[in-house]
Every structure is written in C-alpha cells, then in structure tokens.
C-alpha cells in the first residue's frame, strides 16, 4: 500500500474530494497547512508596518491506497486541483507497511 | 466645563436661577420678584434631567474602558498576550476605583486650603461628607464623583497599550497606583479642581480632558515604552494584530462611550452637551475618513486598523475642544487628527525607533496636542466656536493651551521616569525573556485566551 | 412622530405649554393667566429630561451600526471576508456623518421653500445657523441633528449585507454617497421633513423609519445583489456563517440599540416613548420566538441564526408602528414578522435565486412591509393603538401605508439600478474573481481578521 | 425601593409635591397656598428626567442579559457548546418577555385582592388597562413594566450556567416557563408587589433583587446541576473556558449594565440612584480586586477568570444593598463577596462535588446571601447607610434579611426539584451521551460556533 | 524505526495518550485533522440552506518507535481508541530511515 | 528523494526557514501540531481547578529533498532550531517514492 499526500490550494478541496470519490476513494484525511514555495505570499499592512507574509494557506490530503490505484489517484488529483498557476502544489508518494482499522482490527487492504 | 464644585454664595444664587430658567423661562419676568428673596438663601437644586444624563454618561465612560479599550487593545496584540492586556485594563478599573474612593476624589476635587493651588484636601477622604443628598451643581455629588472616577480609570488604562506584551503585571499595578496618585491627581486638580492652571488669567480650555487624560497618559506611555525597551523581535518578527475584529468593535465602543466622556463633561443635559456630542461625532468621522484616505493614497489600500485608529485619534483630538468649538472646528480638528495621528503612528515612531506597542503616544499624544492647540483657534466665535473669554485674544488663548500641554508633558514625563526607575530597582518592570516568548497569558495568568 | 422642526407661531405657543404641564400640571389653572401673555412671545423651552433621553438615544442608535450591525453581519460571512463587511460599516459611518453635516441635514430638514414638497433647502448647509442654543422642540437642535444623522448612517450600512463578500470597496463608497443623497434624503424629507408624503390628507404613519430606513435599504440591497450577481460558488460551496457568536451578539446589540431608534423617535422622554420601548421589546421577542418555532417545526431544530434573524425581523417590523400600536398590535406584528421574514429569507430568495448574501431584503424588506401595513391596522384604538386621525378609516390608513411602501420601493429601486449601472460603467462594482476567492480582507485591505 | 405602584390618595398627594420640589423648591413657601387646593386632587405627574433615566436603565438591564451574560457564560463553556448557552439566553429573553406581557406583570404587580399577600391579580392580563398615559410614580407605567420585564428575563437566564453543556433545549424552555411562573412571580410579588414579605413589621431590604433575582436563580441552578448530574468527564477531562476574552467582555457588559439594574431600581434620577450607582461601582471594584489577590496569594497568579468572577460576585452582593448603604458598606460588602464567592466557586463546590458548570451558586448564591445579610448591617446610619426604619434594630433587620434569604432558598429549592422531576418524567432533561460528547451546538442546533 | 500514524476520534485522545504512556511511549506528535470516510458527517442548517458537512474532526497521532515496539503500540492504540462504532479511524505504519534529536544531535533509537 | 519532517518550537520557525533558504531549499510545508514529550507542559488554573496541560505547541516542517541534500537539511535545521533546552524537537527522515508537481505534472527531482 502507498500513502499519497497532496498539498493543494484550499478552494480546490471540494473538487479534489469529488474527483477521488469518482474513482472509488472513500477515505481521506485532510490537514490545514501553510506552504512556502515559489508562489509569492501577500503583504499585510498594519499602521505603516508592512509584513510580507510568505506562507500561504494550503490543505494536505492524505490517502492510503492499494499500490494499483496510485496512478489513478495522482491523475484525478491533478485533474481536479490544477489551475495552471504557480502554487498548485505537490503530490508525494511513500510506502506504507501496514494499515489497521481501529474499529475491527482488520489490516492491509481490508482496512482501507 | 466647570467641574469645580461651586461653593461660593454667588454661584449658589446664580445656578438655580439658570436651571430654573428651563421650565420657567417664560415665567421669569413675572415671578422673579417673588422668587428672588428665597433664592438668596437657596442651595443647589437637583435636576432629574441632568442627573439622568450624568448617570448614563458615567455608564458610557465605563463602557469605554471595559469593554471598549480592552477590546481595542486586545485585538492588536498577539494571541498569546490577549488576556494580559484585557486583565490589565480590568485590574486597573478595580484598583483605581478604590484609590479614588479612599483619597483620589478628595485630593482632586475637595478644597486644599492653603495648598489649593497645588492639590485638594482630605475633606472627602473615604468619601466622608458625601451623602445621598449632597449635590454638585444640579446633580448628586455621588454621580459627579463616580463620573470623575471613570476618568481616573481610563487614563492609566490607556497607558497599557504602550508597554503591552512585556510588562510585569505586579509592576504595572504599582506603576499605575503611584502614577495615578502623584501625576494624575495633581493635574486633574490644577485643571478641573480649582488649581493653579484654572486660575491663570487666561485659563487653558480643556473641556473633557485632552491634557489631563490623553496627553498625560500618552507621555507616560512613551516613557514606559522607552524605558522597558522594545519587545523581543521587534521589527524582525511579525507582530500583526491577532484579531482585528476585536479592535474594530473596541473602537466602535470607544466611539459610543465617548459621547458620555465629552457630552457628559458638561455635567448637564443642555445645549452645550448637545453640541459636544455633535462635534464629537463630526471630528471622529472626519479623522477616521482622513486616516483611511491617507493610507489609501500612500499604500494603495484602506485598512481596518487604519480607520479604527483614525477614529480614536479624532475622538482624542476633539476631547479638549468639545465644549468650545462648532461643526467647522470639528471638521478641521478631525482632519488634522487624521493626518497627525497617522504620522505619529507610522512615521514618528519609526524615526525614533521606540516600541510603543499600540501607539499610545502616536494616537493619544499627537491627537491630544493637536486638539489642545486647535481648541485655542476654533473656540473663536468667528470660526463657529463659543468665543474667547472677555478680553482674551487668540494668541493669548493659544499660549494658554501651549502652557497646559507643556506642563503636562513635563510633569507626567519626568515623574513617570522616576516612578519606573524606582519600581525597576525594587521589583523589576519586565518579564523574563522566556515568559515573553511563551506569552504573558500562560506565564503571568496561567490561562489561555482561546481554545477553539 | 413629529420630526419637522416646529417653526410656526402656533406651535411655539402650544409646545411650551405642553411641556410646562409636566412640572406644573396642577399649577396651570392658577397660573395660566399669569403665564399666557408671556407665552405668546415665548420660544421653545429646553427640557433637560428630554435632552437626556435624546443624547442617550443617539448613542444607542450609533451602537446599532457600530458595533451592532457590524457584528451581526461580520459573523455571517466567511472568515476571509470578515473585515471587509466591518470596514464597510465603519467607513459608511464616517462618510455619511460628513455628508450629513455638509448638506444632508439641510436637504432633509430645512425649509425647501417652493420646492419644499420635494426637498429641503440649504439654510443649514454646513450646519450654518445651528448654535449651542438652537432648539428643536424641547431638545437642542444639535441633538436632533445628530440623532437624525445616525439614521442616515445605519440605512446605507444595512445595504452592505446584500452584496457582502464581492463588492469593490471604492464602488461601495460611491454608491452609498450617491444613494444617500438622491434616494435617502428626499424620502426622509417627504416623510419627516415636511415633504409631500407628510402632507397627504391621510398621511402614512412611520414612527421610526419602516419605509425611510428599512424598506428603502432593503430594495437597494435587493437591486444591488441582483446586479452584482451571486457570489462565486453560490449554492455549491459551503457559505456557512463563520462566527455565529458574533451574529448573536450583534443581534443583541441591535436589540438594545433599537430602543434608542424607536423610543428615541418620540424626541422626548414621555409616555409615547415608554410605549414605543415596550412594544419594541414585545414584538421583537415574539418574532424571535416565532422564527425559532417555525424552524423547529419545519427542520427539526431551532437555530441561533434563526432566532437572531427573527429578532431583527421583529425589530424592523415594529419600527414604523412603535409610536402607534399597543401590546396586542406588537404581538401580532412580531408574529407576522417572524413568519414573514422566515419565508423571505428561506423561501422567497430560493425561488428567485438571487444572492442577497445576508438576507437584507428577506428580513428588512419583508419585515418593513409587514410592519408598515400592519401599522395601518393596529393603530386602531379598538386594537389597542392610539387611534386613527380625525375622520380617517382603517381602509384609508392602509391605503396611505401602501402608498408609502410603493413609493419607497419604486423610488429606491429605480434609482439604485441607475446609480449602480453608472458606477459599474465607470469603475466597476465587483472585485476580480481571484480576489473574491482569496477573500476581500487580504485583497482589499491587506489584513487578516484572525491570527489565533 | 418602592416598586409597588402607589395608589393610595395619600401618596398621590405627596408624590407630586416631592417631585415639584425639585424645580420649585424655593418657590414652595410662596406658592404652597396657591398649589395645595389643586394638589389634593392631583394625579402622579410624569418627570421627563426620571423617565429618561428609566428608559436608559431598561436598555442597560437588557444589555446585561444579551449580550452581557451570554458572553460571560459562552466564554466559559467548551467551544462545542458555545452556541447552546447563547441560544438559551436569547430564547429565554424572548419567551419570558411574552409570558410577562401575558400574565407575568399582572401576577407580580397588580392588586391580587384577597390573595394579595400571596400573588397579584389579573387586572393587567395582556397588559390590559395600561395605556400610553398610565403612570407608575413619575414614569410611564409602560416603562416600569418593561424595566421589571428585564428582571424577569435575566433571572432565569442566570440559571443556565448551572446546567450548561448538557441540558435538553426543550426541557430548558419548559423549566424556565414554569419556574418563572410559580417561583419567580410569587417571590417578586411578595418582595416588591405588596405581598407578605413587604408587609412584615420589619420588612427585608432588597433594593434591586438580591433575593428575588440572585439567590432565587442560584438555588434553582444548584438544584438543577445536582439533579441533571455532572457533565461526562467532569473532573477528568479538561473543561477549560474556551474563550476567556468573551468571558471578560461579558463581565464588563454586566458591570456597565448593572448600573441600570441597581440605580434603575430607584425608578428615578435622584440622589438615591446616584448613591446606588456609586456603591455598585465601589463594591464591584473591591470584589474584583479581592478575588484577584486571594487567588494570587493561594495559587501564585492572578487570573482573568478570577477577576471577572470577582466582579460579578461584587455586583451580586451589592444588589440588595445598593439603595441602603454608603461607600464604607460597599467596600466591606465587596471584600466579603470577593472572599466568599471565591470560596463558593473553588472550595464549596469541590467539597460537595456537584457540577454547577459555571458556578451559578458559588457566585450568585453566596454573593446574594452575603449581600442580603450585610445589607442588614450597613444600612445602619452609623456605618454610612441610610439608617434603619423607625424603631428597627440591627438585630431585627438582620432577622428580616435572614427570613427573606431562607424563604427564597426553600421556596425556589423545593419547587425547582418538583418541576425538574416532572419534566424529566415527561420529556427528559438531559441530552443523550453521544450528543453531549459531540457538543450541543451541532446536535441541538445544527450549527457550529466558529469556522475560522 | 517506524512511524506509526493513527487517526482517531478527538475525545479518545486522552485515553490513547495514557495507554501509550503505560507501555513506555513518551513522545507523541498530535495534529488536528479532518477525516472523510465511511462515517457520515452532520448537517448544518443556516436560514433554510442545509449543508451536509462530511468532514469530521479527528486527531492524528504520530509516534516514532523502534521496530520492536510497533505491535505493542498498535495494540494499545486500538484498545484505547476503539468504540466499535464506524469512524474509529486507522493506523498507518511506515518506515523511518533516520531520527535526530535536535537538542543533542543524537540519532536513531537514542533520539526517541 | 526523502521527506524530512522536523518538529520544532514555533518561535524558531522563521530562523529555520531562513536557514533552509540559505542552502537553497525553497519549498516547505508547515503544520501546527501539539507535542507530548519530555518537556513538561504548563498548568492552567480556572476557578481553583488546576489542569496540567501537557501538550505543547510545536510546528512540523516537511521538506521533500533530493537524497543528496538530506544531511545539509538536517544540519541547517539543527543549527537554526536548537536552543539546547529540552523540547527542541526531532527530525524524521523517510523515503519518498514519487513526487509530482500538480501544475505541470513534472515528477521526481524536477518537481521539487
């Protein structure tokens, strides 16, 4: 099994989730994160003091999937979350050795 | 405003007649003869209308400090210090109230005998001699006393913004208690309690407290911010306001409450109170807009913090003027305050590089000085004001205004330095660095502002 | 309410007598002879009691806009736009104040000469001719002027809710300035300033501003929300209120402040003001409960947003009625407002599919119309009201109410369309799509609401 | 305070004279002969000044409940229940208002005929017989009625804190409606409406509602918290206040609004009102400081929750005393309340292990009892109070105070148990466990407090 | 070493932490996350507009442990966090190549 | 490629980011987390009830880097974030199988 982590723009979350549903993914864990990258942040101005805020709000999706599904998941995330503008984000894939469903104790693909 | 409790026979005679004029204006020609013999021995008479307004005004000024100022300041600090500034405002409210009852009111407003030019006496120590029936003008003396108490509360509370996010809570309490006693009470007595400033041939005009309250607090704040030193990371790390919704709501409550501050300073519900409210509204609106547009021009966008700061600057600047000027004066004063306070908070501070965390000096100091001086101009009848005193020229009045400003700057500045030095020696005025980093809420009060 | 400043000799004679009756009621038979010769030349006499109440009422109406309405609205938008709505309310407060001083008050309330049926004159341009001693009835004219100013502030501020989260800040300012001038001022003059509506043989009853303020603002809001178009993602993405605690506190402050709005519209502290306050409380309570129970029945759960909206709906509906109806009328009006505004915000809007973001039309429009019409019913003495005018039937009064509603709908609707079209041509009324997505706080004001 | 509407001829004669004394004090010797014949038949006369103050005071008391108490309580619960407590306060405001109009005012304040010692009558059912012109003393009866309504609102709202975070919303509404009817209305009638407590030879002193409001609510809360049982996880999981900024602002608004509660209970703008406001300020300040210092001593740090709780405890304790004691009494009462309420909330509760979520009994119960008893001491003229009634000793007065406390404890306690038992049988008083875990906002109201 | 990540219900956090202490685990990093899965969300109602909110608040525990401890950690999380109701969450195990303690620079098991 | 995750003290975030910039790292994803560990939490006091809050606010940095850079990244984080006091945090390194840039679909090192 693999863990696919995607950092995307917050307002694309709904689209991404729908796209993943469409390919049969029902489990996702979402985290609000801040991203530093090529995309420039905004500046905030408080009584003449200008702060360049270079972190940007992003969301991270984590999806544990069977190896066979990784490519489909990546594609569907890209199709949903890409705007073509800088800052669209990244997808990271890493190996998962074990998955357990807490409720039942099931493991492996059954637990997804 | 005449805050000095009238005790002379002359006033006792005149005052009731003035008040009687209201319901009886048209009766006067007829009744005067009948009334006069009695009036000669009359005491002040309570006016339910004036009392109603002053009860309300007192509540409004309390509304300024808690919740108004607390929110205004709380929103501007970082979230780890939000409780600490609110706590300071609240604790000051409690402490100054008690000090006022014990000796504050007496030293400010009772007769100081041979020392009266400098300080009041102890006749009203512990509010002795004030009963349910005591009057001060046309209102109960208890109401006058409580109204003045709210000024004694808000003045030190204003200072809090200057050293926010780093002062020791205990040192803050000591400082406020001593400062209130040896700085505020004398100045209050000089200006409103019959002291030397009010006895100058051309007395300075300070209707609702431009010098006594705002300049006074601002200088103390400036001194404190310099002596305590800048916050750790100042100008390097982001110290953005953590909750501008609070700041705006705080400014809104300050605005509403300030009607009590300014129109209440008339101590009656009459035409002067009405004009004081009107000019307060006008100057504040003008200053808010001015700051907004200046910022818009200079930085490309108008901001919430800007418009709120501008409003407060306008409120400060119109304070000394509110009983003396008309709408035109209010507009100019508002405009000047908008520009001046903007400059104070954004240019001046950066030039001298002190860390007046929430711009107490930039807003209350600059705004207060602008207001005090322009009062001397726009009191002119030709400019829509109530006119200069008998034989007073604009130059003379401006001189008097300048004197009161300078006296306040020096008195408050010098004494604040001394008080802080002493406290620093004895218990220290600043929290340890790790506590500052972790935030005062947890380290000074064992609490967190939010767990959303 | 008689807001038109009394200038005729007749009134000048009657008014002081009426006021004098209070302290002197029982003296009158004895004193009349003595007094009358003087009264014939008397001016209005200031009442400290009335002035005290009106100073307070003015502060209360300001409390409605900032902080009340700001919080009410701010809580309902998404967190990325929280500052933008608060900023709009605050900036409107500043701008309308200044416009009122410059020409607003004059055009609304001074004598328009031959044009007086349509618009006032320029006698009070820049508040000329208003001094500390000017009276309006029994209160200082400055107080009357400032009280009315707060109505000129809150009306445009109400509109903000309709186009929240997408309108350009600069366009918003232009719209409000122009709309206030060519829509509000004339209607205000027609109803309260001696214009044609008030001169109809059966004049419409609008004690505190059901038409002038609420319907007027609601139509403008409806028009604006349609012309600007729905928010991006409307009905697709979650646009839940980001902070319902603010919305509830805002509603609470509106409720409290509305006492100033309604009971203040009597311009005196008397029995009518007392009844106005009582019916305001009753109708509001009833409407809040009604919305709550209707929602509970239809959706299974009562909600905070529902009860708060119901309360505001009730406040709106009782506004025109507050000087005319009794407790029974208030209960029925509150009930009707609860049901009607619920329908307006949940059914009507969905049927026509416009995006009136915060339901300005659903609450203020529907509530205002219900209130305006039912005033014509419950003013009936048989239903506990103060009774119809001499020779006026319920049908005639209802007709007058309907006329004032329709006139307001048409006048405000048509002119709002034109103003928005023009502004859209010149500078555009909507922010670019990316700015809407990122949120107006950052993109229009370079600030964020919260960094908790 | 004399809330009982004066109807006897004697009073009708005395009252106008008293009021007339204000503007006409010095005229009296001259005019008495002329006036007296008329006065013999005179009715009460409206005072615009008193009315102005009472309109304001009514608004201030409403400010106490919404937004004040709502915020105070909302900040102390966990974020998942923030809306539920605010909703409860708001819904209570709506519901009690309507019950008051329908029968509450009548049962509390109208003449109960032969049953008058126990309960009022139905003369004012649906506010019948109250017109725009009805007076109650020197103010419109509508104002008196609305002012008293706000007490009927806040008392049940106070109870909410005791069972916060777990009570069923519907059961809460039923409880408040029944409790208000069979507990509050009789006690209110006994103390203020001419019932048996007010007719004791030595009547208990309760100027603004120490027993009727605070002890009454506190006992009901204590009973409810015990009967409903502790929150799931009580004393095991962290139940820290989720937003202490709200709690402090709520306390601040309670403080400001309480001026209307206490000084308004005089029903006039006079010296007693002034003193009531002054002692309210003093006792509150003292109690806030006391709690702060006690906590500082015992736990090493002063806290925001502590100082805010202390302030509320002081406000509660001075309530019954506010028309009777002087500044010295206020200081002692404030000190005692600070210590006592601290003990109530931190020691007493832990000893008996009930889960009074927001310390309604610890603060309002203990504070109320302290205030009620000390009123019997500090009313003494020797201690700065207004003095005991003719021939009354301190012991006798203390006895009367104790009786009123005990009567309230028993009446409210016993009936609360019965009401809750019945409601629990029929619909259940507690939400299911999963709903409690998920939080009442989502499960009872389908809403979330914050989406920041 | 392994990284054990567990998504659990928020009100089970305290229990889980205690259970982990009991088996000698002293270091945990906790993140507030939102989960989409089989468990249905709640609906929110605002002025007649009903939104089905299908993300649910969850917390993620991350525990770096020696390989030998993985099973014990999984068991103790299950025992503490299982309610038997849908939505109890998942446990993910992946490989950790390196651990460093910032304060001391220690690496590997010493750093845990 | 590797994923370097560092748990550090929040007020060290700026320093760490600057240090990483200095060695040419431009992409970072930051999450606010709470840490349990050796460092003791603070106590909070509410009306006499004392709660020991043993979670501490920390931030987690996630940096995807080419294998060759891992050591430099670790060093620069240590140099920036170490205060020498307990609670400075940990660095975890794990393997990344795949990285994709959403905007362009680039993969591997090109996507970083």
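First chain written, first letter: the chains are A, B, C, D, E and F, and each begins at residue 1.
By definition in this document, contacts are C-beta pairs under 8 Å (C-beta built on N, C-alpha and C of every residue); 3 or more make two chains touch, one makes a residue touch a chain.
What you see is a predicted model; the values in this text were computed from it and never measured.
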Contacts shared by chain C with chain F include exactly A, B, D, E
Expressed in whole Å, how far the mean CA point of chain A lies from that of chain F is 18
CA centroids of chain B and chain D: separation to the nearest Å works out as 32
Dist(centroid_CA(chain D), centroid_CA(chain F)) in Å evaluates to 54
In whole angstrom, the CA-centroid distance of chain D from chain E equals 48
Residues of chain E that touch two or more other chains sit at 31, 44-46, 94-95
So chain D residues touching two or more other chains come to 22-23, 47-50, 52-53, 56, 240-241, 269, 299, 301, 303, 305, 446-450, 452
Every touching pair of chains is listed here as A-B, A-C, A-E, A-F, B-C, B-D, B-F, C-D, C-E, D-E, D-F, E-F
Touching chain C in the complex, chain A uses residues 11, 14, 42-46
Counting only contacts in the complex, chain C reaches chain D at residues 22-23, 25-27, 29-30, 47-50, 52-53, 56, 60, 78-79, 240-245, 248-249, 251-253, 255-256, 259-260, 263, 268-275, 277-278, 281-282, 284-286, 288-289, 292, 299, 301-305, 307-308, 311, 326-328, 331, 386, 449-450, 452
Interface with chain E, chain F side, in the complex: residues 2, 6-8, 31-38, 55, 58, 60, 70, 74, 77-78, 81-95
Per the touch rule, the chain D residues reaching chain E in their complex are 237, 437-438, 442-443, 446-448
Counting only contacts in the complex, chain A reaches chain E at residues 3, 17, 26-31, 64, 94-103, 105, 111
